């Protein structure tokens, strides 16, 4: 699978490493805001001096109408910024799949992605790790089983992270919780990313917790999504949907056999 | 719902309190090994001096062929010992439902319960809390979604608890884990009961955790089960099955509607 | 040790039980706001029908100038309300020790307690458990060792608890943290009381966590304090000071011997 | 501070990165078992293509009698293997400080290190992070304050880690706990390193927990130790001693001022 990456910040850096480390993938290029080190290789800055993967292109170059023809990939993975999608919109015409992991889109960007999904496969998830999406689906089920439980979301991240985490907000929204009241954000040191959903009942407490060990977990999630949708032609997907399908299929099978 | 309770140890004590506190239930009697305080009321020893619920009977009295006719109940809840079931077997002939929360049955006892279930409703669960059964079902689903995850079970209980917890063993068995290797038992102080299933992936960890706040959680679970099966006539059930059905039903509905 | 208790709410209830269960203590009386069940025994409502401890008196009776002479105790333990102390102020004249565990005093009440401490021993702690005070002292030491760590306090309690916990506020104050920003309050189900201080460094996180299993922990702490100060005549103390002394003494001994 | 590193495995790799990232340090060389990539730079494999730090030398070269004269450093940091110390013993004659973070020394190696400490500064700690040593000291103090508490150690690491963690064994030894009974080892996925000491009392539980976010925490600890001892001439030290001194000093100051 040939991959192009938008964004090479803190997370993009680790996602690039996960892609390079995956023997069934090739990181063809990385589009960055910066001109610095243009046309050098991401792999050089990730400790793989002989790998020559992830050639750096700046945004202006990516805007070239022929960029995606000259530098073809199977899928674009986007960890850049909410505006990134306007730069790779043309890739949809080439049938290049799009996996976007941007946290804070406005409605306008979501609508634009849905337009693109009439031409190619588009998946968007504010948090693309398998674990967060397990949290998301399992929490909704548990809420239906114990509707009288009190629910709080606790999320912990490195000190510099601004605002409440997109994943926590998504969980709150799906559970019908006011995020101002019920999303508790801890910002300390270098915590990669922890999300916990707490269900409180009078005599017991249930917690579902996800700890990201490294931001490579985002890369693993993005590659999982890219592979799961490789044979699709068009359509708009979310990781939550993929996870919900996994839940449903397995449960159904279990129930019939037992 | 009229309830008879077998067992008045540490857990039976709190289960009795939960039953007495539930306005839609009446604790008719409690069968104990001890002769001490016979025919006094459990409610006196639970801080409800005017309630007169849970008259103490000793085992010999319960063996009286007419005991269940003279002291009728809708359901027997058993938190006594693996041998308890031989004492209330006759209740099955009266159509009295049986909810057994005994942890360490031999195969012989399970077989005997299944025989009784041809005559009445029998539910058995080594751990009858809603939370543990959520753990049990959600863990099996997660294992199917990420089959390459390493899994460990950690259980914490009060120092006097002997052996590995029945719930932890059940979880290990359902997940195909060798309990000697993969069930980690912590025994300290007065911890009521904590079970955690840890799923380790290379870049992320997922934990599903159940904390019992008080042993009344067992009572709440037993009453939930008794109510859920109140309209059944015969059959052998487990809490896990009830939970699995809850998962399946909700997921199915969700999937169809979205 | 003869004990008088002010307050018989959710916590006072469990504190009374801890005192009754302690063979070296006698719960002589309990002063309550309510007239209901006056002159009955607390022990009857705690499942000790033959114990006859903790005779209920209403506040008006406690205001009788001779109350503390007619019903003498060694120590008053106060889990009532911020106003309680005005009712037992006269006890100080009898040399009765005072252990107050009220969370939310105004400065006026603290000043009044300090006045009483010229006549008898007064100890006040917003959270009187051993564990919270270990948290308090150990956190201050850790902050001095790693002054660049980011610190957050997370506290979890039962849904009905209003406001931020007094213990969490105390910890924040001692660590110089703005409580609005850095005390995170989770309110769900029946959680008895959990406090966690999180220290975040770039490559590691340290947590010190206290879980109250039952509100009897408050009783244990109050009795510990009462005993530790039994031979003192006057003075104002806090549990934190007792804990700090324990730290200091042990460390000093260790350091000299090794 | 000029640093030489022994060992470039999973941890050595991250320690090298921490040293390179520290602007007040220079990683002069790295001694490795492997001949592969000899005389290339560690910095090339850590994503710093222009840094030229950490020239690789193989063990045979390090055995050259003049190695430490030709390639002088202020301190050797050892994350290699228990045998590593025999290779850099000659460095002690040059007054080069030694910081060893090897987990599983035999008594023979400890004795050998102590011999070297008559000629230079030697620090050894099985776990050299600040956090683990805080755990170690704070746990001992808490044990003295609540000697009747039950204590368990839980440690979690990546699946490939063999044996119980050296840090957990050290904690157990210092607390007088049988490690076979009381050290619980969880091996799953990619967990960097978590250690928790659980203190159980009848009505409360206290936990002190250390989570390593990245193995760079070991590098940070080693550099902290190297700096703390930079002005010493000879002597054998442990991180625990440095931590204990930090506790003692701060407490003493606090106690006198308050």
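In order of appearance the chains are A, B, C and D, and numbering begins at 1 in each one.
Note that a residue touches a chain if its C-beta (ideal position, glycine included) is under 8 Å from a C-beta of that chain, and two chains touch if they have at least 3 such contacts.
Please read these numbers as outputs of a predicted model, since none were measured by experiment.
Visitor: With centres defined by CA atoms only, which chain is the most remote from chain B?
Guide: Result for max centroid distance from chain B is chain D.
Visitor: Go through A-C and A-D and name the pair with more C-beta contacts between its chains.
Guide: Of A-C and A-D, more C-beta pairs in contact link A-C.
Visitor: If you list every residue number at the chain A and chain B contact, are more than half found on both copies (same) or fewer than half (different)?
Guide: Homomeric contact, same residues on both sides for the most part.
Visitor: Using mean CA coordinates as chain centres, what's the gap between chain A and chain C in Å?
Guide: A distance of 47 Å separates the two centres.
Visitor: Between chain A and chain B, what's the gap in Å when you average each chain's C-alpha atoms?
Guide: From the centre of chain A to the centre of chain B is 41 Å.
Visitor: So how far apart, in whole Å, are chain A and chain D when each is placed at the average of its C-alpha atoms?
Guide: Chain centroid spacing, chain A to chain D, equals 36 Å.
Visitor: Mind pulling the chain B residues that touch 2 or more other chains?
Guide: 189-191, 201-205, 213-214
Visitor: Based on which chains are in contact, what kind of graph results: line, ring, star, complete or other?
Guide: Here the contact pattern is complete, since every chain touches every other one.
Visitor: Hey, which residues of chain C end up touching chain B in the complex?
Guide: Residue list for chain C touching chain B: 44-49, 189-192, 213-214.
Visitor: For a test of understanding, state which residues of chain A touch chain C in their complex under the given definition.
Guide: Touch residues, chain A against chain C: 149-152, 154, 156, 158-159, 184-191, 198-205.
Visitor: In their complex, what parts of chain A are in touch with chain B?
Guide: Within the complex, chain A contacts chain B at residues 18, 129-131, 134-135, 138, 140-142, 144-146, 201-214, 216-217, 220, 243-248, 250-252, 254-255, 258.
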